[in-house]
Amino acid sequence: MNPDRMRALLEAVRAGDLSPDEALERFAQLPFVASEHARVDTHRALRQGMPEIVFGLGKTPQQIASIVRTLREAGQTALVTRVESAAASDVQEREPGGDYDAAARVLWYGPNEVAITGAGTIAVVCAGTADLPVAREAEAVARRLGNKVELIVDVGVAGLHRLLAVSQALRSARVLIAIAGMEGALPSVVGGLVARPVIAVPTSVGYGASYGGLSALLGMLSSCASNVSVVNIDNGFGAAVVASLINRS
Amino acid sequence: MNPDRMRALLEAVRAGDLSPDEALERFAQLPFVASEHARVDTHRALRQGMPEIVFGLGKTPQQIASIVRTLREAGQTALVTRVESAAASDVQEREPGGDYDAAARVLWYGPNEVAITGAGTIAVVCAGTADLPVAREAEAVARRLGNKVELIVDVGVAGLHRLLAVSQALRSARVLIAIAGMEGALPSVVGGLVARPVIAVPTSVGYGASYGGLSALLGMLSSCASNVSVVNIDNGFGAAVVASLINRS
Amino acid sequence: MNPDRMRALLEAVRAGDLSPDEALERFAQLPFVASEHARVDTHRALRQGMPEIVFGLGKTPQQIASIVRTLREAGQTALVTRVESAAASDVQEREPGGDYDAAARVLWYGPNEVAITGAGTIAVVCAGTADLPVAREAEAVARRLGNKVELIVDVGVAGLHRLLAVSQALRSARVLIAIAGMEGALPSVVGGLVARPVIAVPTSVGYGASYGGLSALLGMLSSCASNVSVVNIDNGFGAAVVASLINRS
Amino acid sequence: MNPDRMRALLEAVRAGDLSPDEALERFAQLPFVASEHARVDTHRALRQGMPEIVFGLGKTPQQIASIVRTLREAGQTALVTRVESAAASDVQEREPGGDYDAAARVLWYGPNEVAITGAGTIAVVCAGTADLPVAREAEAVARRLGNKVELIVDVGVAGLHRLLAVSQALRSARVLIAIAGMEGALPSVVGGLVARPVIAVPTSVGYGASYGGLSALLGMLSSCASNVSVVNIDNGFGAAVVASLINRS
Amino acid sequence: MNPDRMRALLEAVRAGDLSPDEALERFAQLPFVASEHARVDTHRALRQGMPEIVFGLGKTPQQIASIVRTLREAGQTALVTRVESAAASDVQEREPGGDYDAAARVLWYGPNEVAITGAGTIAVVCAGTADLPVAREAEAVARRLGNKVELIVDVGVAGLHRLLAVSQALRSARVLIAIAGMEGALPSVVGGLVARPVIAVPTSVGYGASYGGLSALLGMLSSCASNVSVVNIDNGFGAAVVASLINRS
Amino acid sequence: MNPDRMRALLEAVRAGDLSPDEALERFAQLPFVASEHARVDTHRALRQGMPEIVFGLGKTPQQIASIVRTLREAGQTALVTRVESAAASDVQEREPGGDYDAAARVLWYGPNEVAITGAGTIAVVCAGTADLPVAREAEAVARRLGNKVELIVDVGVAGLHRLLAVSQALRSARVLIAIAGMEGALPSVVGGLVARPVIAVPTSVGYGASYGGLSALLGMLSSCASNVSVVNIDNGFGAAVVASLINRS
Amino acid sequence: MNPDRMRALLEAVRAGDLSPDEALERFAQLPFVASEHARVDTHRALRQGMPEIVFGLGKTPQQIASIVRTLREAGQTALVTRVESAAASDVQEREPGGDYDAAARVLWYGPNEVAITGAGTIAVVCAGTADLPVAREAEAVARRLGNKVELIVDVGVAGLHRLLAVSQALRSARVLIAIAGMEGALPSVVGGLVARPVIAVPTSVGYGASYGGLSALLGMLSSCASNVSVVNIDNGFGAAVVASLINRS
Amino acid sequence: MNPDRMRALLEAVRAGDLSPDEALERFAQLPFVASEHARVDTHRALRQGMPEIVFGLGKTPQQIASIVRTLREAGQTALVTRVESAAASDVQEREPGGDYDAAARVLWYGPNEVAITGAGTIAVVCAGTADLPVAREAEAVARRLGNKVELIVDVGVAGLHRLLAVSQALRSARVLIAIAGMEGALPSVVGGLVARPVIAVPTSVGYGASYGGLSALLGMLSSCASNVSVVNIDNGFGAAVVASLINRS
């Protein structure tokens, strides 16, 4: 998995510094050597080329704080998503520092300004005000991953003139995140206006036959625009990660 | 149910021409008196103000021909929907005359030109060529019910410029039928462009997560445009009936 | 989108008062020029021919009050739907005036009596007392949109004599809104009694296999009456808008 | 399970004619002693008080013929349901005799006229002509089980006058079977007209949002009439068995 | 609808005491003449042959008390189902008297002992203790409708010996109500043991893939026992009504 | 059902100590003779070879305590699952003793250390920390049933190196329980690594398109590894019982 | 993955016979070295301890024959499942030898009699004759994997006496496979009778609300018997593999 | 929409060569001027930066040939997807030339070798041989859009060693398409191995609880790997378009 580390081990075997059996043992243990906190994968930043992101939903403040501490002790940044306001305060008491963005429900431990490393702009487009929390999460995560982000809100498909008014901004993005609940038509319309990949995020906004985002999800998967791919309902975080990887080099 | 007929019976009772018991008997039988073909409701044209429409799906040519004959003997027109080409020929052999429209799968017994009685124009708008059979059915039925119809095709939401190019036509309609499969976003976009009622028809066009029209159906029911109501999947016929009733007076 | 405004701009170009590039710029910006509150579309009343309706669900009292203020400063009326009692009080404190209808969950800023502009009567028919909140919403919205409305309650299909007793009222309406939960059979039965468009509203009333309105929704979409179209579950507001547009001219 | 047979065995034990171990053995074997055709339960007529009914769907003509033969050799009648025309001929070739009712898809081996043993009349009511095969199955099975049956067809809820015209017949039945596809509203309306148990049978008639009978099934289960119970989609046979058991004594 | 009343009117027409138009008017109004409380149908006891049952779910104590009062003023009994303890106390304060059965969630206004009018016994059989509330509701309603009821609990199919131990009781019932959640297999097993109609009631007991009673509902509809019909999830009340109607005469 | 008890009865009949009718009576009553608490099946430990397990969900502390007391008076152990902390305290007040494991939500009345009777080791493997409660339940139940258990956590399929690091532990188990939410891929991957039966437990961990465990459930049922079978969502208890039965002899 | 092979490579490195880079290369390639048919995993028999099983569904006879040939050239047996009669003949023409079992749809290349290596008996129990193909598949696969198998058919839960008559056979099995369609209640009933693991197989037998096996699947997952685990619909093959692994030592 | 064309029109207005009203007219018509084949959008190649792709499913050979001809007369290439062998021959007779790839069901009119314009490699990874048609479609479309593609097959998650053997190839791709049916776990596992965007394609491969790709679809949307986005079931074409847009610059 790590050719250099493996080659080093094999060189040690050749040199007689390590017996084959010892080498065998080391191979299996390799990713966890010298880690006191086994669950925290301090090497991911290297492997994935992005900071460790902690999915906060379903974790206690205690668990989150412990993971953050491990990461910081390893000299890394930490980005916690889906963390409500009260939980964030609790984490920050246990592990001081950290910058909480309530609108995005994101807690950040790292430099105030992250250097822009993404090649172009990520446009985060959303249909209604009720979709804003998801859009904010996508925006915050994408920024912390080193991208220039443009947030465009309230451009639902039943008011086309608003969407057309921002078409220049849409076209100048390297990659777009289109967020919508209800009928979820925004990604199709946006996808037809640009020649770039569009990440569609269905939201649970709506009632009745929206079925908690199912209508938007099925609509986006069935999109007549072929440059659209889809992530889970309300998954602004995942959309930001995918968009960020697209925006590299 | 038929006040005139009832009043006539009551007058006959008053005049002594009919005993109360005989009247009682007649009341219960009323809608079916003197009809050899019990299943054919020759009075609907009067009651509903529109010609009898025969839903052909699941009926044999024999059954269809028999119903048509009954209606014509009663001096009425007959409009048969969802009848495939071979079945239509079979019906026409049994009951000569009739004008078959293969694209709409509609068989018509009546005058070549139906007088326009609708107040305005019905616009039938459809997203893709695969939705055409449903659009044709809607168009044919609406015309035979006495409406001026404008058919606008291939204006999917992923190619907005096509849709915007026909916005004048959309705005000049009294009522619109918007037909789409896949994500079914057309009614929302059309609904945002006009101040008229929009009848949405989801179609079974699509594959995979379209689930035979479910994605379009849920999307249309969840539409962010408030002037949209919905009929069953592929139900061009029903949309035409509703639009025709709206277009009266 | 606004031919007159566009023509004026083009005249200015011809007259040399505006360069082509300036005109180009203005075209894209057009619907938002001079609007301090970008999200509020003060022109919709003109475009759609009906007052702005604010969907209250998921909006804070603060957001609602701000939108209402913008509309009123623009000299318009405002109709807020799906606003619970406590939220309505909060809005009314921030933006005094306003008339709250608790049964309909509707908050109105405008004249006490709206002039009747609809051509005929809208009949709002509902099956059970549990469906009343949806019926009240439909009634309140339809009235505020300038229609004469007749509300007919407690006419479920398992007690046909009640429904037949009001058949005269049903027949004299220009358009009908039929509201029912559980098996949702009311629109089919009503649809068979009248020759007018029927807007069916499934409600979430019921339990078990009603699945929160799904049974009623599927039943209404599958209706054997061809003059029925359907809106979302519990969507009394949408039904009223569609009925109102039908009732115009 | 069979107290008399068990008592006889116990008496034999007391008399010393049978050892306890032999008795034990016999108890376990009891229902199958001396039966060459293990799968045919020739005792059901006694236990259930009705002739053996063979569900033909998914059985080969060979299998059906073999079961029929076993039953007849045991001196019993045999009623085979869901058997298509070609399969019936095949069965009749292998096992001569038998009376095939194509409309009901039912094959009968027994007396031409079954004596009426049911206490009252079973009314089989159905909404549309497409529901007829299910109605015919219910009718044929109920007759062969010894009931007086009245078949009432084409009384859909969108044409109430037809249904009201037969309300006397509905009210005079001991038990009713109400069969409908699409929105499946018939049982609710019929249930409201009578004070008798109504067995509802959803059919797979319909298209689109009918989902092969799901809309009718959910509607019937959610019926606002409390005297309605439901059997499986298209299950005319089961409805007839339940109705027949109700109609006894 | 009421032949005698109609005949009387017709006689009056013949006698000249009533004009045809007046008669026409009266016909439509007939069921509601002189009723101050339109929503309460005080004639149902006569029409349906059973006391009025008020479905309490979703009604306020105020509404329930008002309906109860109307019924009692009309000299009738009243049975309210699905009423929680607090609501029952509230109703009883507004309308004194009444006997509340907390286990069954049923409130009764009527004689302490209802005369047994049913022909045989209704057996209410249930699988687990968690199904008891539904069984109690079925039992209480059936008793108040004048039936002898035998309640048999805790006889799940995974402990057959318990079920077999009560088989004599099962076989001596005129009609059975079988209640089960989870896999809902009880009605099939019970149905195979008796030659009587079995009303199956799926319950929402279970978790995960039980999907709130869906697993039991589908299983019961698919039952391999042909003497089983099904009512809605948790609908002990409906099962009791159906069983009671079966148990008459 | 109990050959020895039956044989004894039959001997008594032969000896004349018991009449056939008395024997008949006893046979039906057999499993409940002399039991004051009918619902508690004190013989299951013998029949099933494992201690009685009480499913706590939906039972009151009173009911649980009563069952526990009955079991203990019969000299048996008792294992209560799905019992929350507060309920456990309540039970323990009513029935002192008992050892509560909060992480597993399991309450145990029996010896501190259960003797290991299982032949090999049961490996309980789980994907994420959110799946831990289910894993803990499986572990606790399996231990109390007399098995050696190895718990392996945080080995999700998106971090293969962690899973590969424990492959030796996986391979040395006699049977494995693989627990995962979201896409539920762990059992497939584990199943491919071992030649032992794998019991898959989908969990309700996840959001949006996970649909409360449906995604994991369907994925596990569709597993491309043929040594996988599945239990209900979150059913750690059931998995432990199955694994324990596999691990015997 | 293969410690011995890895150790050998490491010894070669130590001995200087292999450079570290060559070793690195070999590690990645290891499982496929010298295999002309990359897709065929000739080592699985060793890894999994059972012969290679080829899932025939969706493979052409050509593909199947090619895989079989590869396996046989490697000196292994081959078991092909889900292969229809015509396809089997085609495969056998291309790769002579092989024994086709039409009832089980299984094609076997190997010794006529497979040595019994399983510790006990696998009981394959099935509810109806329509479930037989699935039962036959389970039986054939289990036999070819070296197990003693007892097939018990036609023991549906609506005819308990048949099931009870075979309870001795059920109890003497080491592991049971219970197969049923429709309500899928057999595994619950069987599970209650034995103290062994029960593998439940839902079948697609049934119609209407059976939804192609969904009713049986949900029922089995919700089983009130805790010794039941479930495999995919109609997956007799998977059940046999799981049962066979349980039956080993 | 096309600033240059609009500016030219505005210049003409300024120059007096065009009246404002004429300009207004031209604006609305702009995208279709001078196009005889209205449905074919010959400008998309420019707008989207990729050749026109014709979705063949549901189009007649006649329609396809006509669209191809229009595109070629406009000097463009044409790529037709989802076209079966017979239909492709028919199209090629009507419009000679064209290169049909049967495995991918793709018909290509253009240069034999498309110049590589993509920045890196697109890896198309698929789980089983049954997924190959979808993989081939993705590969063919991606190649024709100017990308270097590496196809990696038969690397299902139940045989991890195969997948690990190709991990180098996975890591060297710029973007990956991961295709799988059944439990659809491949994208999660691949996503964990690379730091690149992964486009997941669920396939309809599987049976029973796979529900035609639903299990894979839900699993992929719920993936625990955050670099995964999803397209429609079997949508190899869409995945290729998205991957190609990512791979640009």
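Should a chain be cited, it is by its letter among A, B, C, D, E, F, G and H, assigned in written order, with residues numbered from 1 in that chain.
We take it that a residue touches a chain if its C-beta (ideal position, glycine included) is under 8 Å from a C-beta of that chain, and two chains touch if they have at least 3 such contacts.
Here the structure is a predicted model, which is why all the values come from computation and not from measurement.
Enquirer: Name the chain whose C-alpha centroid is most distant from the C-alpha centroid of chain B.
Expert: The most remote chain is F.
Enquirer: I'd like to know which pair from B-H, F-H or E-G copies the A-C interface, where a copy means over half of the contact pairs are the same by residue number.
Expert: Matching more than half of the contact pairs of A-C: B-H.
Enquirer: When the Cα trace of chain D is superposed on that of chain G, what is the rotation angle, expressed as a multiple of 5 degrees?
Expert: Between chain D and chain G the superposing rotation measures out at 90 degrees.
Enquirer: Could you please state the distance in Å, as a whole number, between where the Cα atoms of chain B are centred and where those of chain D are centred?
Expert: 39
Enquirer: If you average the Cα atoms of chain D and of chain E to get two centres, how far apart are those centres in Å?
Expert: 25
Enquirer: Could you say which residues in chain E touch two or more other chains, in rising order?
Expert: Answer for chain E, listing residues that touch two or more other chains: 1, 159, 164, 167, 208-210, 217, 221-222, 232-233.
Enquirer: Who touches whom among the chains?
Expert: Applying the touch rule to all chain pairs gives A-B, A-C, A-F, A-G, A-H, B-C, B-D, B-E, B-H, C-D, C-E, C-H, D-E, D-F, D-G, E-F, E-G, F-G, F-H, G-H.
Enquirer: Within their complex, state which residues of chain G touch chain H.
Expert: Result: residues 1, 28-32, 38-39, 41, 57-59, 63, 202, 204, 213, 217, 232-235 of chain G touch chain H.
Enquirer: Can you tell me which positions in chain H touch chain A when the two form their complex?
Expert: 1, 47-50, 53, 119, 167, 175, 195-197, 199, 217, 221-223, 226-233, 237-239, 241-242, 245-246, 249
Enquirer: Which part of chain F faces chain H closely enough to touch in the complex?
Expert: Residue list for chain F touching chain H: 127-128, 156-160, 164, 181-185, 188-189, 191-193, 206, 208-211, 214-225.
Enquirer: Mind pulling up the chain E residues that touch chain B in the complex?
Expert: Checking each residue of chain E against chain B gives 3, 6-7, 10-11, 13-14, 16, 19-21, 23-24, 27.
Enquirer: Across the complex, what residues on chain H touch chain G?
Expert: Per the touch definition, chain H meets chain G at residues 129-130, 153-154, 159, 161-162, 164-165, 167-168, 205, 207-210.
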